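These are the structures, in structure tokens.
Each of the two complexes below includes chain A, the first together with chain B, the second together with chain C.
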Partner chain A sequence: FSPEGRLFQVEYAMESINNSGAAVGILAKDGVVLATEKRVTSKLLDTGAVGCRKEKMFQLDDHVAVAVAGLTADANILINQCRLAAQRHRMTLSEDIPLEQLVRGICDLKQGYTQFGGQRPFGVSLLYAGWDEEFGFQLFQSDPSGNYGGWKATAIGANHQQSQSMLRQDYQEDVGLSEALDLALKVIAKSMDSTSLAADRLEVATITREGGAVKYKLLTEAELKPRVEAANAAEEKKKEDK
Partner chain B sequence: GEAMSIQTYNGAAIIAMSGQECVAIASDLRFGVQNQTLACDHKKVYRMHDRLYMGLSGLATDAQTLYKRFVFKHNLYRLREERDMRPQTFASMVSATLYEKRFGPYFVEPVIAGLDPEEGHAPFIAGMDSLGAMETAKDFMCAGTNSESLLGVCETFYRPGLGPEELFEVISQCMLSGVDRDALAGWGAVVYVISKDQCIARTLKGRMD
Partner chain C sequence: GGGAPGMEYVMGIKGKDFAMACVSATAVQQIITMKHDEDKVMRVDDHRMLVTSGEPGDRVQFGEFVCANVRLRNMRHGVKTSTKAVASYARQELAKALRQGPYQSNLLVMGYDEGKGPSMYYLDYLATMHEMNVAGYGYGSWFVLSMYDNLWHPDLTQDEALGLMQKGIDEVRRRLSVAPSSYMITVVDKDGIRHLKTLEYGS
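Let's turn to the complex of A and B:
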């Protein structure tokens, strides 16, 4: 600890995440939306390479997905641990792992790196989106300290304070998935450096339920384009109105 | 009861057959403990994914546990590879998993049937012993408490190049007559016929003895 009672390494880890691409999560009444900004956008990237097609968004099990902000290599370790935890639970209990149990397990792992071993903490914050039978759709956030919370809407990564206050103003309870998607895109657009959103710089996913099963869907560029264009048009209009 | 043989404690009959761009896999439905029959709806064929099924004969508790372990491994594979496992890859994994317990094995004999997505959905059939010694076949694979009986009927009735409907008929007749001489298997059967676009499961009414 520092003399003022702070854990600097944990704080430095959280600071490092502010340099990474933004991630926004919004809980809707019929699903959860995760929207992220990609930072690695070279056209030399081989987008067909298995296992590294995604930069920010990952599925953990049939019923839960994460959006990542921070050190990608650190994130890969945590994602793998999440996947293992989910399967271990499924093997012994024959059920989907309840979301909070999954989050708590990973956070306990992260906390360990702040207390023993002499190793640095993971430089990753995660937004977990999923559904379980007990509590329905849920959105959780965790950070390098191992702290976690359940949220209706939240943001991590670059400009997350600005995104968070935007969400505080514009989020409405019981919003539908479609409006939540549009709100998430609006917030992400505001936090990104460029003046207008482009579908190929985003990874956006939703968790919904269809026919009694939870569905994880990563939106394609084609599906994103109309919403992105609508968001840009609305932003243009706002500027003109001013 | 008499002395327990672990391989015949529960009883099972499993057949897999390959046809023209399709495979079929069938199992009996009896669940019993030595002489006593406890259920007649206990399938021994498990779905790994749409084009890959596995039958597990032998000790029922080991079959259940192994199935859960393979679901575990396949789920992780699918998340990391972003595709389903090929049947031959899965069979190798099953073989390795069994051999890990070489000196304290799982008392099961797996039979694997599927279609290979990389070879134009070509049929794939394999079987192995409880230590993981694997054999692939072009025609059929049998396992269970009276596998010799099953092999006999399959040898007689099988011919190559059968379509899904004919394959279903052949494998069903083989299963129903094959289990007649086996006291520990039978009580109905379930048959899965797997083609490129669909998998049809049918339950057979057999002699309930």
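Let's turn to the complex of A and C:
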């Protein structure tokens, strides 16, 4: 601890995440939206080469997915641990791991790195989106300290404070999935460097329920394009109106 | 071991909206009946129970182990572990122990889950697990399983099931030379776990 009672390494870890691509999560009444900004967008990147590897968005089990912000290598370790935890639970109890249980387990792991071993904390914040039988659709956020919270709407990564206040203003209770998607895109557009949104710089996913089963869907570029164009048009109109 | 596991009698029946167990209530060591009122039903929570049979030390130890861990999980995560999950967890523990120091214990995991209804899982010491409508352990069950196969139907009421349990006990006492002398009948439904009857016979 520092003399003022702070853990600098944990704070520095949280600071480092502010340099990474933004991630926004919104809880809708019929699903959860995760929208992220990709930072590695060189046209030389061969996204087909390593199967379905993504930069920001990962599925943890049938009923839960996660968006990461921070050091990618650190994130990979945590994602793997999440997946293991989900399957261990499934093997022992023959059911989906409840979302909060998954989050708590990973957070306990992260907390360990702030207390023992002389190892640095994980430089990753995560947004977890999923559904379980007890609590329905849920959105959680965790950070390098090992703290976590359940959220209706939240943002991590670059410009997350600005995104958070935008969400505070524009989020409505009981918003539908489609509106939530549009809001997420609007917020992410504001936080990104470029002047207008491009579908190939985003990874966007939804968690919904269809026919009694939870569905994780990573939106394709073709699916994103109309929404992105609509978001850009709305932004243009706002600027003109001003 | 101390007991003679085959001499015990356990029968479980799943009905329309309940699950019922009839268990011999004798605790036997060698040739001595230590207890006539041993309750072999362990309550996991208000709506889930384990009906344990087998080696006396193991069945209690394993039953308590499963109950304790399920209760811990319920407390930690603010959930009610479902009947299937309790059974799956117990099965995994039996499987882990099997090739090291097996629990010589068989059990029925019976419960009532809100929204799903009653269920019953048959587990044995080899880590077998089956969801069943009618199941049992012990020599007595050999006579009664086939009787219940004829008489069971999916809309069984509690009164009908109680009648079946009585029929089962009567058959065991008529034909099994080492039939137990006392039995306890317990039911679990949406209102919880209730002990229905204790039956004691002279010999």
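The working rule: the second predicted complex is superposed on the first by the 240 of 242 C-alpha atoms of A that agree within 3 Å, B and C clash if a C-alpha of one lies under 4 Å from a C-alpha of the other, contacts with A are read in each partner's own complex, and residues count from 1 in each chain.
The rule we apply is simple: a contact is a pair of C-beta atoms (placed from the backbone, for glycine too) under 8 Å apart; a residue touches a chain by one contact, two chains touch by 3 or more.
Everything numeric here is computed off the predicted structure, so don't read it as measured data.
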item: Which superposed partner A:120 touches (first chain B, second chain C, both, neither); value: neither
item: Contacts of A:134 with chain B and chain C, given as first, second, both or neither; value: second
item: Contacts of A:59 with chain B and chain C, given as first, second, both or neither; value: first
item: Partner chain in contact with A:87 - chain B first, chain C second, else both or neither; value: first
item: Chain B versus chain C as contact partner of A:190, first or second or both or neither; value: neither
item: First (chain B), second (chain C), both or neither touched by A:95; value: second
item: Intersection of chain A interface sets (partners chain B, chain C); value: 91, 94
item: Residue ranges of chain A touching chain C (in the complex, touch as defined); value: 91-95, 98, 100-101, 104, 134
item: Chain C residues within the chain A interface of the complex; value: 77, 79, 81-82, 84-85, 87-89, 92
item: In the complex with chain B, residue positions of chain A that touch it; value: 50-51, 53, 59-61, 83-84, 87-88, 90-91, 94
item: Contact footprint of chain A on chain B as seen in their complex; value: 68-69, 71-72, 75-76, 79-83
